[in-house]
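The structure under discussion appears below in the form of structure tokens.
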Amino acid sequence: MLSAYTDFIRIRFLTMLAYRVNYYSGILIYMLNIGVYYFTWQAIYGDRGEIGGFTASQMTTYIAVSWMARAFYFNNLDREIANDIRDGSIAIQFIRPYNYLFVKMMQGFGEGLFRFTLFMIPGMLLALLLFPVRLPSDPAAWIGFLVMLFFSFLINSQLNILTGLMAFFVENNEGMMRMKRVIVDLFSGLVIPISLFPGWLSSIMQWLPFQAITYLPGSVFTGRTQGTGILEVFGIQLIWFFGLLIPIFFMWRAARKRLFVQGG
Amino acid sequence: MYYIGLVFEYLKNYMKTRLTYRADFWVEVISDLLMQASNLIFIFVVFGHTNSLGGWSEAEVVFVYGFFMVPFGLFSCFVNLWNFSDRYIVKGEMDRILTRPAYNLFQIFLENIDPPGLIGSLIGLVIMIISGGQLGLELLWWHIPVLLLFSISAMLIYSGIYITLTSLSFYSDSPTGIIPLLYNIQNYGRYPVTIYNRAIQFLLTWILPFAFVGVYPASLFLGREEMLHMAWLTPVMAAVFLTIGLVSWNVGVKRYRGAGS
Amino acid sequence: MNAIEVEHLSKVFKVQKNRGGLKGALQDLFSRQYNEVAAVNDISFSIPAGEICGYIGENGAGKSTTIKMLTGILVPTSGRLNVGGYVPHEEREKFVRNIGVVFGQRSQLWWDIGVIESFGLLRKVYGVPENDYKKRLDELVQRLDLGELLSRPVRKLSLGQRMRCELVAALLHNPSIVFLDEPTIGLDIIVKTEIREFLKDMNRQHGTTILLTTHDLQDIEALCSRVIMLDEGRVIYDGGLDTLKTRWGQGTRVTFQFGTACPLARLRALTEGVDISWTADNDLHAEALVPGGLNVSDVLARVVGQTDIPITDIKITETTTDEIVRQIYRTGSAAADPGTGTESGRNSHA
């Protein structure tokens, strides 16, 4: 059974390899994103030393690592699930001897593996050449970052699953998916680090799961969070990971009920 | 005339579809608005930490953003190629389009028409009026026809770029295109491009000319002399990029009809 | 006048080769290899106006590719095409006003809105005048019994109802040539019969030329006076259905049921000198396969006349088109005719 699940990882990895146009253009576009934010922040910093606890040099590293982390954790599970629901093929998934959501997660991981090895790592190397990015020297920061990066993927995929499953309850969740994308990019700290938001807004965001996707691992990588602080922020990720399993469980149950009662 | 008639006919059908799913209509409108709001949040946060972005004040940047929303709304209403590859190439609906007696690209636009996008244009106008007021800009008679000209030109620039890129799906077998990735890039045209380095400025001006859907044309109304000549180039860029788009589309369709699927 | 003329038509596709495994996939990332495949290979035929012609072949034989070229979707690699006076791929937008196309597996109706709205939109697309449209729609709705379906959205229709609506959608502009790609796929026998009747009537009343592909040979038997059979991109048969049957029918099967045991050897002896093959499950039951060139009565005369063989039942079955076609597919070519019967052979025994 387990080998069946790992096969989903393998197949998705191979599928991703086939999308070569996306792959070539993806790296360039991510570099451009990093470049634009790099220059924007340069202009904002002017000759100021620190904004929101970030030095200009930390900000550069933060931008690069956040975008490259996104290159890894990003996936379209929400869209895939919504499509399965809308065209009715989800019904077939229910009669297969596996858990649909787990399979989706595996596929997402296969994609992530592809993105990590062929997108994020070469992208990061390129970013090192192009921008003054400073890599951490502390091995704890590296280990902490990599572990947290994996949880970024898990939490982001959980949010995608939740958004995708909404297609069971509304006819067209295209708008929600678009909204989710924008909210994740903004509130995860990808576009603006959380500490730069006005006080009230950043304190709201500390109670939302989004910061666990980008901001927390990014803080570890830039060295703003160190020592036992790494365990603390990792703890926040863990809480969100387990916390998000609850709505997924209930939504999945409601979805099954809906499918069986109304025939989809 | 035939094509204008078709626009109304498709709009009518759109409304009928939408009226069956009223709740979704509002979800979509609200999510569009939130998306715009989130972009504004970025501007406000940034100006919470600085007074000027490369020599532009907050009100000016917000004004540019307001202008940016107008053509973007038009574009997302009339030119929606988001799902093209999936729906028309992979699922094969292109064949049906090609058995109908109207220009194929036009049919695809019409089938994906999305009027809620226009709400964004309206909000953009409101933002322009408010921030223009803060800046003490005077509304002159020629502002209105020029705004119209620039908005339509900017919309055609978007169309040109996206048509060109979408026509790649006639060559590539990958179902999800690079278009979603571009969504981020188009946003960069609404900040003063002079803050970027040469390479990025060049890219946003001549290759993926998103500076022409935001900061360049808007600078005319703000009276920023340094970009005046760029502003007037907007319609020219529109003509050029639309032509590129249509040519590459037609070549792509020709290839599709040569290679099939 | 010919509605469709096809001369030396070919279509070659480039098919991407996928190298297996992880290494292969990585190689494919940087360089692709292609194979050339001729989906349609030098075919020629012409279909006179007003004919219903069946276009059959196994999956991948090139049927859909031909239809796509005939409807202007695909551009041929080589060869000449003329459909209703147009070269389809050259004047596509003008040309398609005269044709109707139904792809059995794909809908041309809007999923979420009432069927009638889709029709209204298609009227505009094809520029059909209001009066003609009304008349035509009434006629079609009545004929296909769509009355109360018209206001329902497509997603609420059954497959049979949907297919009837698809037909209306393709015929609203009164095309003179209609292409049907598997119009009866997945339908139950009642709807199939209805659709066949409808197509026959339309052909009779309006003189509409119809080219249809199908896997259901009942469609062919019910509708077509002519069949074109395709295999691996080549035409392997083009002619009447009757000719197909007589030329490639394996003849007639005569089944005997005997009152008392009758060994095969005895039967073989009785039909000595006649080219008949006997088979039997047991002594009380035997089957004779009479080749198309022979008369069944010759066989019967030899067996039935024997007083020591009490026959309780005789059944005579003609080979079905299904069997014939299966046979042709198996041998791969209708030209490699088993030699049991030719035109002249049939005549001499008629």
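The first chain written gets the first letter, and so on, giving A, B and C; residue counts start at 1 in each chain.
By our rule, contacts are C-beta pairs under 8 Å (C-beta built on N, C-alpha and C of every residue); 3 or more make two chains touch, one makes a residue touch a chain.
Chain-to-protein mapping (UniProt): A = Daunorubicin ABC transporter permease; B = ABC transporter permease; C = ATP-binding cassette domain-containing protein.
Owing to the predicted nature of the structure, the values given are computational and were not obtained by experimental measurement.
Colleague: Would you identify the chain whose Cα-based centre sits farthest away from the centre of chain A?
Modeller: Between chain A and every other chain, the largest centroid distance is to C.
Colleague: Which chain lies at the heart of the structure, taking centres as C-alpha averages?
Modeller: B
Colleague: Could you please state the distance in Å, as a whole number, between where the Cα atoms of chain B (ABC transporter permease) are centred and where those of chain C are centred?
Modeller: About 48 Å separates the centre of chain B (ABC transporter permease) from that of chain C.
Colleague: Calculate how many whole Å lie between the centre of chain A and the centre of chain B (ABC transporter permease), each centre taken as the average of the chain's C-alpha atoms.
Modeller: For chain A versus chain B (ABC transporter permease), the centre distance works out to 27 Å.
Colleague: I'd like the Å distance between the centres of chain A and chain C, where a centre is the mean of that chain's Cα atoms.
Modeller: For chain A versus chain C, the centre distance works out to 52 Å.
Colleague: Which residues of chain C are in contact with two or more other chains?
Modeller: If we look for residues of chain C contacting two or more partner chains, we find none.
Colleague: Of all the residues in chain B (ABC transporter permease), which ones touch at least 2 other chains?
Modeller: In chain B (ABC transporter permease), 21, 173 touch at least two other chains.
Colleague: Send over the residues of chain A in touch with two or more other chains.
Modeller: Touching at least two other chains: 18, 20.
Colleague: Touching residues of chain A toward chain B (ABC transporter permease) in the complex: what are they?
Modeller: 18-22, 25-26, 29, 32-33, 35-36, 39-40, 42-44, 46, 48, 51-52, 76, 170-176, 178-179, 182-183, 185-186, 191-192, 196-198
Colleague: Applying the document's contact rule, which stretches of chain C touch chain B (ABC transporter permease) when the two form their complex?
Modeller: Within the complex, chain C contacts chain B (ABC transporter permease) at residues 11, 13-14, 16, 39, 65, 68, 71-75, 77, 89, 92-94, 96-97, 99, 101, 103, 106, 108, 110, 112-114, 117-118, 120-121, 124-127, 153.
Colleague: Could you pull out which chain B (ABC transporter permease) residues touch chain C in their complex?
Modeller: Listed in rising order, the residues are 2, 5-6, 9-10, 12-13, 16-17, 20-21, 92-96, 98-103, 107, 173, 254, 257-260.
Colleague: What residues on chain B (ABC transporter permease) touch chain A, complex-wise?
Modeller: Going by the criterion above, the answer is residues 21, 23-24, 27-32, 34-35, 38, 41-42, 45-46, 48-50, 53-54, 168, 172-178, 181-182, 184-185, 188, 191, 195-197, 199-200, 203.
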